[in-house]
Structures are given as structure tokens and as C-alpha cells.
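Structures follow.
Shared between the two complexes below is chain A, which has chain B as its partner in the first and chain C in the second.
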Partner chain A sequence: MNITKSVFIAMPASIILTFLYAPPAEVLGDAGRIIFYHVPLAWISVLAFVVAGFYAAVHLFSKSPRAADADMKSHVSATLGMFFAVLTTVTGSIWAKLSWGSYWNWDPRETTIMVLLLIYIAYLSLHGTLKDGEKRGRICASYLLIAAATVPFFVFIVPRLYPTLHPDPILNREASVHMDFRMRITLICTIASFTLLYLYLFGLRFRIAVLEKVRMGIER
Partner chain B sequence: MKTVRRIFGTLLIAAAIFGTGVWTTFGLAADVGGGERTVAAAAHTQPERTQEIDPGDADEPIYRVLGIVLFVWIGISLYLFFIDRKITRLEKRIK
Partner chain C sequence: MGGELLRNIRKEFLIEFRNPSAVLSAFSFSGVATISVSLVTRALPLQPLVQSILLWLIIFFTAMNSLLHPFIREEDHGTAPFLRLHSSALSVLASKLVFNAVLFFSLQLIITPLAVVFFQFTLRSPFFFLVTLLCGGFAVTATVTVLSAIVARSGGRGPLFTIISFPLLLPILWMSIESTRHSLERGGFWDVRSLVFLLAFSGMIIALSFLLIRFIWLDE
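Then we have the complex of A and B:
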């Protein structure tokens, strides 16, 4: 059995943990539980963009026959990354309303996620515009590689350079998580479940892409 | 391409449903009026419950929220399960 299918058990278990096991946040109360969705979504969107960049590099530089599908895998991962980045922005925006009184504040972190979204929207447009073939694979892989190189800059560097209202990130300067023990356990569980969800969706979407390719080959 | 578009569309709809769920769960409660930018972090003034949940109290709104979120997840997982089954069938047919 494919291990990623355990997401069907892990996800509801995590949902129950977030509402019944984790205590309410100190200031935001129950509304603070949004952290258990916002942080894992942000984590998997970064993971998806990094994976997309990795497969783009494999497609460009590897001559191994096993790298034949790398182009499709990078596209699948970039699409999923985009999907989760939109959800991260939505949940972050709601959190901003709860904490700062407004859905959008042009905080450095909000601005960088917006730029990142625009970069990947441009990628999807590029991929949709070009005709299927080796040339499209190489152009899109080059674009994705450059886009992936900007991800650490926009996610980890820029928000730390400017003063921000954003709460202390999980990966902070003191390298310690300022969180109640039960909240920390719940967060680890939700991150693991969302990672499984990403892997499951990645597999599913890749299999669909392979079927599409086979169908197009038959039609030609 | 049609299937890919359909899947992408469905994912977008799922995102919209998820977003709406989260919005209604967390957003409406936060409607404190105004909407003007609050610069100071001292804006954390939500009069929210910060004590533990009483496990015996079934009227706690959190149980309703939990039910809705689980219901949404069950819907998404059923959809994914059926797609997975269809793909497996197609793969077997092609082989």
C-alpha cells in the first residue's frame, strides 16, 4: 500500500487534535487555532516550489533515462505549490484581520508572498502558452529553476530584513519554538499530515499527467 | 488536457470551499469593525475564550466548527479516493 494514502487517517486525526487537544492561544483564543493550518500550508508551498526547482534542474542537466519525467514532475509540483500558496495567503489574511484589524497590510511577509505568487502565475501562463514539446520543457524548467532560487530569498531573507508585524516564525533566530508543548505537538502532527497530503496529491496529479501524455500519443 | 483542467478547476473549487470554511470559522468572529490598519502589535484585543474546552459541554461552538471542518475533509477525501480509483482502472487498461 502506498504510504501517502495514510493521509486519509492522518488528516482527520490532525483536525481533531487542532480543535480538541491543542489549548486556545493566549491572546487570540480559539481563533489562534488558524496557526495549525496556516503554517503547514506555508511549509508545503515552499516544499513544492523547492521540489519543482529540483526536478527542473534534473530535467535540464541529467541525461539519465530516469529523468525523462522530471519535466512533468516539476510542473505538477509548481502547480501544487501555487495552489497551497494561495491557501497560505487566504489563511494568513484572515489571521491578519484577527491580529491587526485588516485583511491586507502590505507587511513585508505579505508583500513577498504576493511577489512569489506573481512569479508562479507567470510560470503557469508561460507553460500554458507554449506548445507541448522538448522546447517548452527546457524553457519552463529554466524559468522554474530561477523561480526556485528566489524562494529562500522571499520567504526567509526579506521578511527578516525589514520590521514586520508577523509573529516570530517557527525557524527563528534563537532556534527555539515559543509555544506551549501541546500546541507544538499538534503543529508537528499537522505539518506531517499536510506533507503527506502534498505527496499524495503530487502522486495523483503526476499519474494523471502520464495518462494525458499517453492519450495525446494515441491521438497523434 | 481536459482532465487536467477539470482537476485544476476542482482544486480551485476545493480551495474556495476551504477558504470559505476558514473564513466563516475565524473571519466572522473577528469582525471588529473599522478595518483600518492597526500598526501596533497591541491590537490583540479580541475578547476570546482562552481557557480549556469543557469536554462535557456539547454546546461548545468548537464542536460545531470541528464537525464542519471534518465534513469538508470527508468530502474532499471521498473525491480524491474516487479519482484515485478511476486512475488505477485507466492505468490497468492501458497496461
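Then we have the complex of A and C:
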């Protein structure tokens, strides 16, 4: 089964699971179902960044002819990552309002996603400033690699160094999962569905970018 | 490599002191900014956290104002192509890094005493305060130097520099502010985690800078 078919099956199935199979959260009730969208979106924001960083490294260090499109793939992934990071911030703000009474608290994890968003904005600004060509590819890829190397500090180190309002991460210090079984299954399904959605959008956006490049070549 | 590096460092200082307007502007900016901010806040009883934020904001804007210059100067004066032929990318980066570090620590020598006097800092742990300034200042210098090379090569100037620098400097500012606040609030040697973070961050950025500088600086 290809990714397109998988997405069109997995996404509706995940939506049904989040509203009909998963039980309401203990304190938040039905409003707590936003976790099944917020967590996968945050995961995709980071995954897109890792993929963009990977293709940036391939663009710089690989001599293989197959690496010719790596810069374009890196840019496509960063663009998608920016989109998912905005959605993560919005869903996170709604959840923060419901849980803690305000839309923004500068909690370490909130700060992490904000920094990620700023890095995406910076990368896209740099990409927009430079003219098309090999120099743009090299400079943007270098910036993305420098920025990508800072992400583990934000995602894994800062939230563990400073007190956070967020619940324990699923992979926590005690290596135990503090979540109802049905909620856990639903969360795993939504994360998998959103990953498929990202892969689908990545393929789609990449094909569009290739066609745009071909069209620009013809117009010149 | 060693001789080339020493020659390049010497060149950096000779060129800057032959026409010291940029360096003098940086010193003037740091002093004026510190005094201006303290004048505006003179009637307010500032908490240690606010004092730390103001100090690091002044340091941030001083870095934005002064550390971009060495790479931009090469492009503006048209000496960059000759430097690419004459010196390796590694020695160019190393010499600019040394120059920026010396310049920035000198600027901190202006900012810090003025801030201590005008903001009326109560230093409970002077040694920790100084170590924080050194570690934070070094992290800022390391990050800004490689980013200034990117900006110089992209043909952008101030606004682009601030956009691409801010997300990467944010963790440094965050940790430095926390660490400075601790040095103002408590005696002893507190919060070593922040210093470890700052040193690890600096080390990682420097390693990446040396790995990537040939892609940024050279026309391959």
C-alpha cells in the first residue's frame, strides 16, 4: 500500500479513535483530547527539522548524483516543519489556556517550540534573501546544520534541567508510562498517522518544487 | 597553519587599528547603551532578574552591533577574494574568532562596571558573576562569528543578521540570565548546570563552524 492510500485510511481512523475510543481526560474532560493532535504535531515539527538537517548534510557532504535534489528536499521539509510548528504553538496555547489558565507561560517546552519556530523563520528568511543557485544551497544548508545541532539542547536537555508545567514525557526518568491504555493506543495511532501525513505532504511538495524548477527553466 | 593563523590575527588587529572607527563606535555604543538604559530605569527598584535581563540585552545588542564587522569588511573592501586565495578557510575563521573574542571581552569590560554601578548590582557571588560573563560572552562570540560569515556571504546586513542570530543566541541569553540572576541573589558557586550548558554550546558551535566554514566562505 503506498503512502497516499495509507494517509487516507489512517487519518480518518485516528480522528475516530480520538473522539470515540479514547476516554476523556481525568481533569480536562473532552477538552483533553487536544493532546492527540498537539503531541503528534510537535513530533512532526521536530521530525521535519531532523529531515531538513539530514538533507542539508547530504547536500554538503555527499558527492553522489542522487544528492542533487537534497537542497530542495531540505527546503521542502523546513517549509512543512514551519507549518507544523505554527500548528503546534496554536494547539499548545489552547491546551495551556485550558490547563493553566493562560495562553502562554514561557514554560521550558513552550520556549523550545518557540525557538524552533524562530529557527524556521530565520532559515526561510535566509533562503529568501539569497538568489537561486549553488551558493544559496551551501549557505542555507550550513545554517540549517548549525541550527539543527542546537535542537537537541532544546528538546531533550532544557526541559529536564528546568521545572516544567508540562506532564512527564512518555519516555521519562522512571521509564514508566503515566497514561491510560486506550489513550496510549490512540496517541500512538495519531503519531503514526501524522508521520504518514508528513511523508505524504513531503512527497507532494517535493514534486511541486521539481515542477516549478522545470517551469522556471523553460521560461528562461 | 600556525604561522598563517598568527599572520591573519595580526592582520585583523592592524586593519582595525589603522582605521579604528568601527571599534570606537562599538565601544561608544556599549557605553551609551548601558548608561541610557540605566537612566531610563533610574527611579525603579530593579529585582535581580530584571537587572540580569537588562545586562544581557545590552550585551546582545552590542554583539549585534560590533561582531558582524570583520567578515562584512572583507566583502565591502573587496579583499575577500584575495583572502580566499591567500589563506585557508579555517585560519580565516580562527583569526576572526580570536579578534571577535578579544573585542567582545573588551566591550564587556566597559559594559559590566557601568552596569554594576548604574544598575546598583549587589554581587553576592562576584566570582560566579564573572565566570558567567566569560562563558556567556564566549558562547555569544562563537555563535555570532560564524553567523556573521553567513550574513556577509549572503549580501544581507543588520536585519537579516538579527533574524538569523536571535534563535541561536536565545538559549545562551536564557542560560546566562538565569546564571547571572543566581550570582546576584545567592552567595557561593551556584547553578553550575548553566555554565556547563554554555561551555558545551560554545564547543559544539565552534566544532560545527570549523566543519562548515569552507562551504560558507569558499566559492566551490
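Quick note on the criterion: the second predicted complex is superposed on the first by the 217 of 220 C-alpha atoms of A that agree within 3 Å, B and C clash if a C-alpha of one lies under 4 Å from a C-alpha of the other, contacts with A are read in each partner's own complex, and residues count from 1 in each chain.
The criterion applied here is as follows: a contact is a pair of C-beta atoms (placed from the backbone, for glycine too) under 8 Å apart; a residue touches a chain by one contact, two chains touch by 3 or more.
Keep in mind that what you see is a predicted model, and the values were worked out from it rather than measured.
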| item | value |
| --- | --- |
| Fit or clash - chain C, chain B, common chain A | fit |
| Arrangement angle, chain B at one end, chain C at the other, chain A at the vertex (C-alpha, nearest 10°) | 130 |
| Touching partner for A:Ala122 - first (chain B), second (chain C), both, neither | second |
| Which of chain B and chain C A:Met183 touches, first, second, both or neither | neither |
| Touched partner set for A:Ile94, first chain B, second chain C, both or neither | first |
| First, second, both or neither for A:Ala85, with chain B first and chain C second | neither |
| Which superposed partner A:Tyr37 touches (first chain B, second chain C, both, neither) | first |
| Partner chain in contact with A:Val51 - chain B first, chain C second, else both or neither | neither |
| First (chain B), second (chain C), both or neither touched by A:Val151 | neither |
| Chain A residues touched by each partner, larger count belonging to chain B or chain C | B |
| Overlay on chain A, chain C to chain B nearest C-alpha distance, Å | 18 |
| Footprint of chain C on chain A - complex, ascending | 60, 111, 115, 118-119, 121-123, 125-126, 129-130, 134-135, 138-139, 141-143, 145-147, 149-150, 153-154, 157-158, 161 |
| Of chain C, residues touching chain A in the complex | 146-147, 150, 153-156, 160, 163-164, 166-168, 170-171, 174, 193, 197, 201, 204-205, 208-209, 212, 215-216, 219-220 |
| For the chain B and chain A complex, residues of the former touching the latter | 1, 3-4, 7-8, 11-12, 15, 18-19, 22-23, 26-27, 29-30, 32, 34-39, 41, 43-44, 46, 48-53, 55, 62-63, 65-66, 69-70, 73-74, 77, 80-81, 83-84, 87, 90-91, 94 |
| Contacting residues of chain A [partner chain B, same complex] | 8, 11-12, 15-16, 19-20, 23-34, 37, 79, 83, 86-87, 90-91, 94-95, 97-103, 105, 165, 200-201, 204-205, 207-209, 211-212, 214 |
